[in-house]
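Multiple structures follow.
The two complexes that follow have chain A in common; it is paired with chain B in the first and with chain C in the second.
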Partner chain A sequence: MSDPSPKPSFGSLLRRPETGSFLGLAAVFLFFTVFGGSNFASLTGAASWLNVAASLGIIAIPIGLLMIAGELDISIGSMVPAGSMTCAIISGHFGLPIAVGVIAALCLGALVGLVNGMLVVRTAVPSFIVTLGTLFAVAGLTLGLSVLITGTTSVSIKAGPEAKFLLGHFIGGIYQVTILWWIAAAIFWGFVLHYSPYGNWILAMGGDKVSARNAGIPTERVTIFLFMCSSMSAAFVGLSQAILYNSAQVSAGQSYIFNAIISVVVGGVLLTGGYGSVVGIVLGTLTFAIVNQGIYYTPFDANWASLIIGVLLLVAVLMNNTFRRMALSYTPSRKVK
Partner chain B sequence: MKTKMMKAVLLASVMAFGATAALAEGTVVAVVGGKSDDPFFAKVKKGIDDATLVVQAHGGTVNYLMLQSYDNLGGDAANLVRTAISQGASVIAVPDWVPDAQDEAIKAAQAAGIPVILYNAGGADKAKELGAINYIGNEEYTAGLAAGAYFATHGMKNVICVNTVPGAQNLEDRCKGVADGAAKEGGVSNQLPLPASAFGDPTAVAEAIKATLLKDTTISGAVTISAADANSAATGIEQAGLTGKVALASFDMDGAGLDRIKAGTQLFAVDQQPWLQGFLAVTMADAYVNYGLAISNTPVLTGPGIVDSANIDATLAGAGAGYR
Partner chain C sequence: MPTPLLTLQGINKSFGPIDVLHDINLEVYPGEVLCLLGDNGAGKSTLIRLLSGVHKPTSGTITLAGKPAAFASPRDASNAGIATVHQFGGTFPLMSIGRSFFVGEEPKKGWGPFKTFDRKTANDIAVKAVRDLGITRITDGDRLVGGLSGGERQALAIARAVHFGASVLILDEPTAALGVKEAAHVLRIVLQARQKGIAVIFITHNVVHALTVGDHFAVLIKGAKAADFRKGDKTREEITDLMAGGEQMAELEAEIKSYMSSHPG
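After this line comes the complex of A and B, so read on.
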């Protein structure tokens, strides 16, 4: 950790945004391997946190990108149940093909994201407030329409074998297929952020939006695009949970708001924007999932779970901050190598 | 929100005044109750609607005073009791959700000569203290006792009570009941409290249950405090490879849970039978105020009703018709 030797490769590795989050992840993994025993380190134990991380991770990446671009989307807390209820009502209650339900849920996500993005861009009201509004509005719509259409707040859905295979089955009996979707999402977003021009635009917007616009970056289009992606991701997680658990509830999903933001911040994204990476967010999500689920493998009384989660997350973030400071305050000692 | 609610209350009172004026002599049974879009109260309301036929046969009417939201439960319910008083109700059925906020209004009704019957919430002691006709409803601790005893007598001696909202008194009572009920039959039950970061995330709940079952292989039963959590628990048990070895149960039930009981992957569900609460509250209020009839048992417990393989077919039929 303390590296007095000026090895350029090692030094630059330390200053990468994801190094801190990797060390945080390693620390909590070690903690639970020591205290959690053989069950935690087993394949079934790994499935515990991978399954939880997968659905959270699919939402956390676009949320992280929004945060890098200096925005926030908390309406996902309502989009998760909205997505699952849309899918369950269309394909469960009305018995239409599952594909119709899936597409409708994703379209709803795109629509809510479009509204979020347009409102943020057009009104210049902080996105926290705008999405706080849509958080309640979508929750109200979901409840109102569900009761109006089905008369209940919980709808059961029986998906066919194809839909189950794609969205709701367990690989090897223990790993949710959602994990593969998460990996796909991470690769897609990793490409967008780190290898496409969009990536630099997003980082530049988070650094200074006005300068970014002056430099010719279509900031409004990028903002709307990111909001649509985060809402659609939330809807996707919602519908895949409906298919996986054979039922949808109006009230589920609020915990995703905080959990996603925590994962992103643990993953090294600056709350103020302009700094972060997709790998970091993935590692942050894993850290959060391990901390949350690992506790059940330890002999500690579950009453202390929240305390241990809080302390471990603080440790992970502090570790991260140290490395970020190192990265941000870094000035090359010589101008040119 | 507030103005909308005031408008609704105003409208309800205007309509009720019209109704009382039209049927000057008939009995008016005022019922304070929850929102009908709440799946639980939808069933209570069905019981009230069915009981209305009896009241009408006796020449009376039923006036359902519905809460517009649950944001200010005690205060709003107290206001609805006062509305019922001003409408000249003959008898009032009301859940005593927040005694501190509601008891004053209930006493005011009694002072105005209107008898009160408690249902759904309040309990026998409260009914006695207030001098209410009776209490009709469920007692969480008793429901827990039944669940714990059912497990233990069916051979599951080590049971976890999965609590996704630790600290909520009614849920703590359920889990404490499970522990005491199991203990009576020689079993043991511990609570598995889950942090708020897991609430509403079925995967997190499922994985927590899986991990707990893997850690302690002597656990042979799991009961969840809600129907939705039972869906997660079913996945957790399956993931741990313990289907058939760890029995599942739930407080309350939904369609997926009933399907599991039918399929044999869930042992039972504890139901507080909300239809009975609405039906009995209204018919007993009507019988008391018209003919002086009263059940001598206190309280009248509508739960715990156990739904298992023995009565699942009738329960499914009831669920389809909106009674369960």
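After this line comes the complex of A and C, so read on.
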């Protein structure tokens, strides 16, 4: 009988879901360090892409988990402004304590997620369509209610020092505190997906929902829970931006939809579900943010950034497919006994 | 004569106006392999779905270990000890062997909310269970199920069923997608399961495979049980004829013959 758990090796690293995204990140980082010069690699340069990555990353991780479970949520594009407007209207316009605004925004996120999840589970309509519906519905509600209540589409909010410290200040003057929330989220979700037994449920659901249900996994509850988490994460990002910038706008979040999906896919999550890792999603988010921000440090026109992101996405998907094939065809050599 | 573990009495199943199964009576004994033979569309799959809790019979009773059994869900059936393994075995190709083995029954370690999936235990048990069935090529529980051969996946799925204490094992065409060598291995595993006292229901339309492992045979034709016999009661040719509906086979042969003679070369 041989030892069934071989030591980590270079080969076993190659078979992990995040390998492709790590190589992508390294390539992109190298590229911008060469062309962006010392400004890109400086602490300020790092802050510019870390700040972008942090708010995107908080949303991308639960989106990635949904995709691993075989679902998709694009309503986050409306949940970000909805969360920030809810917080700003309650705590700015009506002047209630900031905690009330924060809790209300998170509750709204939970509610929208619950609606998304229930609709997906009960109707069996693809989650893309369901959340496309709620994307527009929530956008309309946010706009309509904001104008109805405040008469404007932009509301200012003045947060107290505690709220500022927790959600809206710059560490060292340049790093958004959101970065710490992102790290916390990554640790939490990493534990859930890779160490807790529930991670197994999420992977199994994405692999084959019917078999997962037959194996006794409460697939409906898990699906609804994941939708609630993604909506709440989007609301959280929205409200923390309102607190950071002291104001909230009705339309500021549609870009999160595609950016989150790109980050997740570049991070090695399989679009059809059943495969992926939180580390991969974090690396994918970093890669996206570096391209998005790094372009400003290069002599190139910023318009080229989208081209790079598009090519990067395709390369990442192809590379991830290759690594997945390697993982599938891997057989431990028989001589090691 | 021992008592049957699983008995079907007067089972009928219809979907709307379409009758799929008529008046099926079957007895399955522990430590025996019942081969369910039949052509495509004969109702084999429907019968399995009734036993595995996917559908409920329109009428008739299923008795498991002396008690009437009405399964509300596949989960119910597997809790009662009926495990079903489908043609392609593991259905989670991108999960590791250890993880997929314990889907829904994860071994845990740790405390309170910090309970973690016990990967090492899961891998060790899964690898040992498969190796016990003679698949010695599997040594690493972190390997992905999708990387296993068809026979290894069948073995993994059967090992899983045995590990979780199945008393009835339903194998839905386990050898259909396999090469000769792999199929032989799966058949050997079927016999091992039988030796453990498990009642095996083996669905196939390969008569040779059925004759190799079967103790007891039932042939379904158009939703009705056309024959029910023990090992040695019928020859291979008789069974093949039965399955295809003997006369039709003869007609087809005659047709081919006349075609060949009218089209020389």
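The rule is simple: the second predicted complex is superposed on the first by the 311 of 337 C-alpha atoms of A that agree within 3 Å, B and C clash if a C-alpha of one lies under 4 Å from a C-alpha of the other, contacts with A are read in each partner's own complex, and residues count from 1 in each chain.
Here is the rule we go by: a residue touches a chain if its C-beta (ideal position, glycine included) is under 8 Å from a C-beta of that chain, and two chains touch if they have at least 3 such contacts.
Remember, predicted model here, so these are calculated numbers, not experimental data.
In the superposition on chain A, A:S329 contacts chain C only, with no contact to chain B.
Judged by the touch definition given at the top, the superposed model places A:G45 against chain B, while chain C stays out of reach. Touch criterion not met for A:T86: it reaches neither chain B nor chain C. In the superposition on chain A, A:Y195 makes contact with chain C only, not with chain B. By the touch criterion defined above, A:L270 lies against chain C but remains apart from chain B after alignment on the C-alpha atoms of chain A. A count of residues in chain A touched by chain B and by chain C gives the higher number to B.
Residue contacts after overlaying the shared chain place A:T223 against neither chain B nor chain C. In the superposition on chain A, contact of A:L203 is made with chain C only, not with chain B.
In the superposition on the C-alpha atoms of chain A, no part of chain A is touched by chain B in one complex and by chain C in the other. Partner chain A is touched in their complex by these residues of chain B: 37-39, 42, 166, 191-204, 206-208, 210-212, 214-215, 227-228, 231-232, 235, 239-241, 254-256, 259, 322.
On chain A, the positions that touch chain C within their shared complex are 1-2, 4-6, 12, 191, 195-197, 199-201, 203-204, 207-208, 211-217, 270, 274-275, 324, 327-332, 334. The touching residues of chain C, counted against chain A in their complex, run 73-75, 78, 91-95, 99-100, 102-106, 108, 115-117, 120, 123-124, 127, 131, 137, 139-144, 146-147.
Remark: chain A residues 37, 39-40, 44-45, 47-49, 51-52, 54-56, 143-144, 147, 151-154, 156, 170, 173-174, 176, 241, 244-247, 249, 251-256, 258-259, 292-293, 296-297, 302-303, 305-306, 309 touch chain B in the complex.
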